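Below is a structure I'd like to ask you about.
Note that the chains are named A, B, C, D and E in the order they appear, and that numbering of residues resets to 1 at the start of each chain.
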Amino acid sequence: MGLLGSDERPRDVILGTLDDLINMARSRSMWPLTFGIACCAIEMMATWDPKIDADRFGMFFRNTPRQADVMIVSGTVNKKLAKRLRRLYDQMAEPKWVISMGACANQGGPFRQGYSVVEGVDKIVPVDVYIPGCPPRPEALLQALLLLRDKIADRELRYKKPREIPADYDVMAEPGKDGRLPVL
Amino acid sequence: MSTMNLEPVPGRTDEMIVNMGPQHPATHGVLRVVLGLEGERITRAVPHIGYLHRNHEKIEEARTYPMVIAYTDRMDYVSGTQNELPFVLAVEDMLGVEVPDRAKKIRTIFFELYRLASHLVWMGTAMLDLGAISPFLYTFWDREIILGIVEKTAGARMLPNYYTFGGVRRDVHPDFFKDVADFLDHMERRMVDYEHLVLESPVVHARTKGVGVLDQERAVARGVSGPVLRASGVAYDVRKAFPYDAYPDVEFEIPTSPDGDTYARFWVRFQEMYQSIRILRQLLELTPKTGPYKGRAPARLKPPAGERYRAVENSRGELGVLVVSDGSDKPYRVKHRGAAFSNLQIIPDLFVGAKFSDAIAILSSLDPVFGEIDR
Amino acid sequence: MSLLQEVWQAVKAIGTGMATVHKRVYEEAPTEFYPYVKPELPPVSVQSLALVENEDGSERCIVCLQCERACPAQVITIERHRNPEGKGFLIDRFDIDLVNCMYCAACVEACPVSSIVTIQDFEMSTYDLQTLKADIDFLHEQARRARQWYSPKFGVELRTDDGRIEKAPPEMQPGGLAEILKPAEEVDS
Amino acid sequence: MEARVKQERLFDEDVYTVHPDDYRALCERLKAEGYDFPRAISGLDMGYGLRVTLHLTRMSDLAKVTVRTDVPYENPVVASVTDLWPGVEWYEREAYDMLGLRFRGHPDLRRILLEDEWELHPLQKRYDTGGYPLPDWQPAAWPDPEPWAPPPPPEPEEAGEAGEGGEAS
Amino acid sequence: MRPIPIPEDRHFRPRLIGYDPQKSRPWLERTVYAAYVFVFWLIVIATYAGVPALFGALGWDGGWGFVLMRVLQVVLLFLLSAVIALLLILVLRKYLGKVQERFGPMHYGPAGGIQTVFDALKLLAKEDFVPAAADALTFRLAPAVTFVASFAMFAVIPFASGWVLADTNVGLIYLIAVSTLSAYGVLLGGVSSGNKWALIGALRAGAQMVSYEIPLALVFLTVAVWSGTLRLGGIVDAQLGLWNFLPLALPFVLYVIASLAELKHIPFDFPEAESELIAGYNVEYSGMSFAFFFLAEFVELFLLPALIVVFFFGGWHGPLFGIEPGSLAAGALESLYFTLKTAVWVWIFLWIRATLPRYRDDQLMEFAWKAMIPLALFGLVLAAYMRLIWR
């Protein structure tokens, strides 16, 4: 885990404050990963435009998963993209969080009945904050980023860990919509 | 055996297979191009799409006609209501619904507003791919003004679901015309800045002149349409070829450029923005302030059995839709012909032989949007 | 000396470009400081849905399932039973799955009595999805908290401080004033 | 070859319905006539078989034409026209991917939108939106091709004009 | 059972350090920058005047004492480079914000003052792993080599008359040697991280650095020929009357372009081309190793404009208002002049970064070999001739 602190350390007063300082630093400089998929990606870009400007909160796009803290899944995840999305998540450096933006990433949204759409990105990666909307307003995304900031910095919220997803989850193995001819 | 990757040719040892994968800052979405690189020069390029395949056509076969309009918005998500128009026009032809003149003008105003918004997003991301950080922010601020105007009338910013059979769902906001007029003045001031930053910049000249040349025959044979085709010298524009809505009563030119390279595509889109401003100014005078905005559409929409292909000139090119109906209230088959789908087919021709940085400039000049390509 | 002219053109173009960029420093930036200054949205803006009750608490919705049929994303599920004494139906369950909703307001279009309306509460992000599976209490609570909402039939309605519902003044109404003043049944769906 | 081509006028374009064997010959004829802009190829599942619809435009006088041909489910093979119009290459791959239409002579017939290990072609009517096979779906009977009657000869005009006009018309 | 309609946590509770600025307060931002520059100035005075005075007073300036003093000065200079990095990253993001019609970091600290402190702390606690495909030793070594290479330039930078660590007579040659070293760091980092993008970025960096060392060295030679000495202090003294950028106008322009390329700055941003190579050579780096690359880049962003000021804008020269030179106060005032001149040139570099897109890298190599080197040679000959007839 990180050099100076991890969440499982025993809670004592002295280290607690250092732990809080580190978590405050992590929450005050969240670098999202440039990974736009669909319509929500355009609203994600609009969150950094002059009108709403998430750069005021120190959020600065990084292209490589190694240097990114937050992965904003903005758009529909289909079966072809699911494997790459999971690999991107695994490549990110450890204290990482995921924001599921828009109806398609939450639980498939208007396309959830499609044959090749994964219903919800929380089947593939553990998600911290969900944003409804199709596409959600840039202010809604900024509110979600600030909710994530509070989750990282706030001690009791920090331990509401989303359930871990096994890395080798095979999206194609879902019953029914697996793209294989029915065995008659 | 999955052929998702290029297999190294046994003879060539100095070729490096690079995977410009679904997550890449310059692919405008989820395109994956597998490149064979010799140093910086590209020897082989195989584009892979389908990472945003959301099964539009299969889901639309299970939805009634008014519901399908909401889905068409999500295809070319950068130019909102432009995707709804071909489907609405096709069904209106089949149903025989007549659209009041004022509704046609309102539709065309929204159509041209979204063309400006789409070209602004294109210019922002194209300059970002070339390395200039600032134009991206200026263009997105202009686009915010457009989205503000649209939200005041249609209720949603990007995907408003505003057109319906026979006209538009709701009349325009009382001070809509004043907002659009102010926006056009603001836009004309901004275009001067964009001229300095984009078209006159020597670095852009060095990066785009003579790069990715597409001659006329190959462009037409490849089925390319829109600014990419007009940059190769063919003056084909669906607004003039098969006029629809209020385009017959406004006059505008179709900008074309003979030399077909990346700079020509930048220049043609620039002139199209000027033409859009000109069209909008004429429409502001022509449209009566009050009047009908929706014609008589039958309550239960059941078009007679048959098929209809209707095309429209959206900001990427000819966006056509083939609606096949079997008399029930759900379309039997809806086939969307996206311009970006054809425009992307010339990637292998233009990439091979070009340098790697040129490939980024070429891809951004094609302006692909993957909701429309992968459907 | 075309080379020299070329170089001079290039330098001049770079100069004008840099001047264009730097003059922004002296202009006022259009940024709205979001969490401290909430954006005021137009009344027709579709940010969330709500189920309006009449002032006396009785249900406006006549459970005609029009909205369930008109929803493209099929997120509305309604269960009803026939009213034992009077005519019409009573609601057993009225769920809107705001997680998968498309926010296209097709349901608000289709509702004959404009009981389901669009409101402007866009701050709906959550840590877990269950809070967004809205049931009838959630929708009534949203309508009670909303200051203004919009539906095509009755236009923009305001909720006064003492809980009464009244029609918004004409200048707040979106376009199509004539359509709103027309009595409801003449308007086609 | 003329006997098996049915031509009709639909809204603003000519529609040729043709037998799959003559599809390639008709396309070459249209190419010779100057139809150089391939708009799209749409694959349809007609319930009794698959249909390929080729939409073409002539750039010179903006004339639009659509070529239709039906193939049975068992061997949905049609000649590919990618060498005439390179623009339809991806559309043919998409038709193969979505409906299982095989194009003989296509340079690189692979799946374009779905992954290569997908086996089913989802846009066929036998599957519902989720890709689940509909258990009670049966292919409809192949419609018997209407006997193709050559167009009736122009009936002679009324007595008056014929006399003056002579056989000039 | 579903929780009652609107659970409390869903409503947003703003939690902030700092305050809620309804509108930007320019004076506050300037005070934040002034505070940083003041800290910078204090450290400079401490290293170059405080430590020698302290050791002089304690009488430890013998053999070992002298070594200890130099070690302490180097530690203080490391602290200085940390302050430089914090300040320049903040100034870059604020200036980019201002120029792009928005505000840079605004909410953490007065006008976003301690935003970069949070960035640094976060990078400190970030997981810093070595990818499997990378060969571990060089992967670990590369950020250190890059930082040391750019940090070593401090040795010869004269902040004021006499305020320099190593006042050697071969200052210029030392500079050439050290600036090529940073090219090795980037090359090592890119090639060793086993990632194709990093490999392309590293090869581009190598080609760019090599082809821009030569015009750089030639301009150094021109300045040496013109001011007659290789010692940086001597070069600055030679400019007492007339600053160098007037007589050596052509080498000055070439030097600005070459230092832009040396810095891998926007028009020549090929090794770390965000939009093409994802992140160039530092694709695989995360946590502290990435922080060192970031630190090296911004320390160099301070040092190269400092060199421009030393060579062409008269180093620390400025009106002394009667303070007798050589004293502590004169040194402090001169170092302030030097810092402010460097700040102007750092702003010009940021201004270029906010405006121009990126060339193609082979165009740049061609420009270096075909245009810059002949012009630099011509400048050298011209300087020699002018020196012959003038001095």
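Going forward, contacts are C-beta pairs under 8 Å (C-beta built on N, C-alpha and C of every residue); 3 or more make two chains touch, one makes a residue touch a chain.
Only a predicted model underlies this, so the values are computations on that prediction, with no experimental measurement involved.
When each chain is reduced to the average of its Cα atoms, E sits farthest from subunit B.
Of all chains, D has its CA centroid at the greatest distance from the CA centroid of subunit A. The chain closest to the protein's centre is B, with centres computed as averages of CA atoms. The geometric centre of subunit A is 29 Å away from that of subunit B, both derived from CA atoms. Taking each chain's centre as the mean of its C-alpha atoms, subunit C lies 51 Å from subunit E. Separation between the centroids of subunit B and subunit E, computed from CA atoms only, is 43 Å. For this pair, subunit A with subunit D, the centres built from the Cα atoms lie 46 Å apart. Among the residues of subunit D, those touching two or more other chains are numbered 114-115, 117, 122, 127, 129.
Each of the following residues of subunit C touches two or more other chains: 14, 17, 21, 29-31, 33, 35, 72, 102-104, 123-127.
Looking at subunit E, residues 12, 14, 99-103, 106, 274, 278, 354-356 sit in touch with two or more other chains. Chain pairs recorded as touching, per the definition above, are A-B, A-C, A-D, A-E, B-C, B-D, B-E, C-E. Those residues of subunit C whose C-beta lies close enough to touch subunit A in the complex are 29-35, 39, 47, 72-74, 97-104, 122-129, 132.
For subunit B in complex with subunit A, the residues that touch the partner chain are 21-23, 25, 29-30, 50-55, 58-59, 62, 70-71, 74, 77-78, 121, 137-138, 140-141, 143-144, 147, 157-159, 370-371.
On the subunit B side of its complex with subunit D, the touching residues are 2-4, 49-50, 53, 55, 57-59, 61-62, 93, 218, 220-224, 234, 236, 241-242, 306-309, 311, 318, 320, 322, 324, 333, 335, 337, 341-342, 344-345, 374-375.
Residues 79-80, 113-116, 172, 176-177, 179-182 of subunit A are the ones that touch subunit D when the two sit in their complex. Touching subunit C in their complex are the following residues of subunit B: 63, 66-68, 70-71, 73, 134, 141, 151-156, 159, 161, 169-174, 176, 193, 196-197, 200-203, 290, 293, 296-297, 299.
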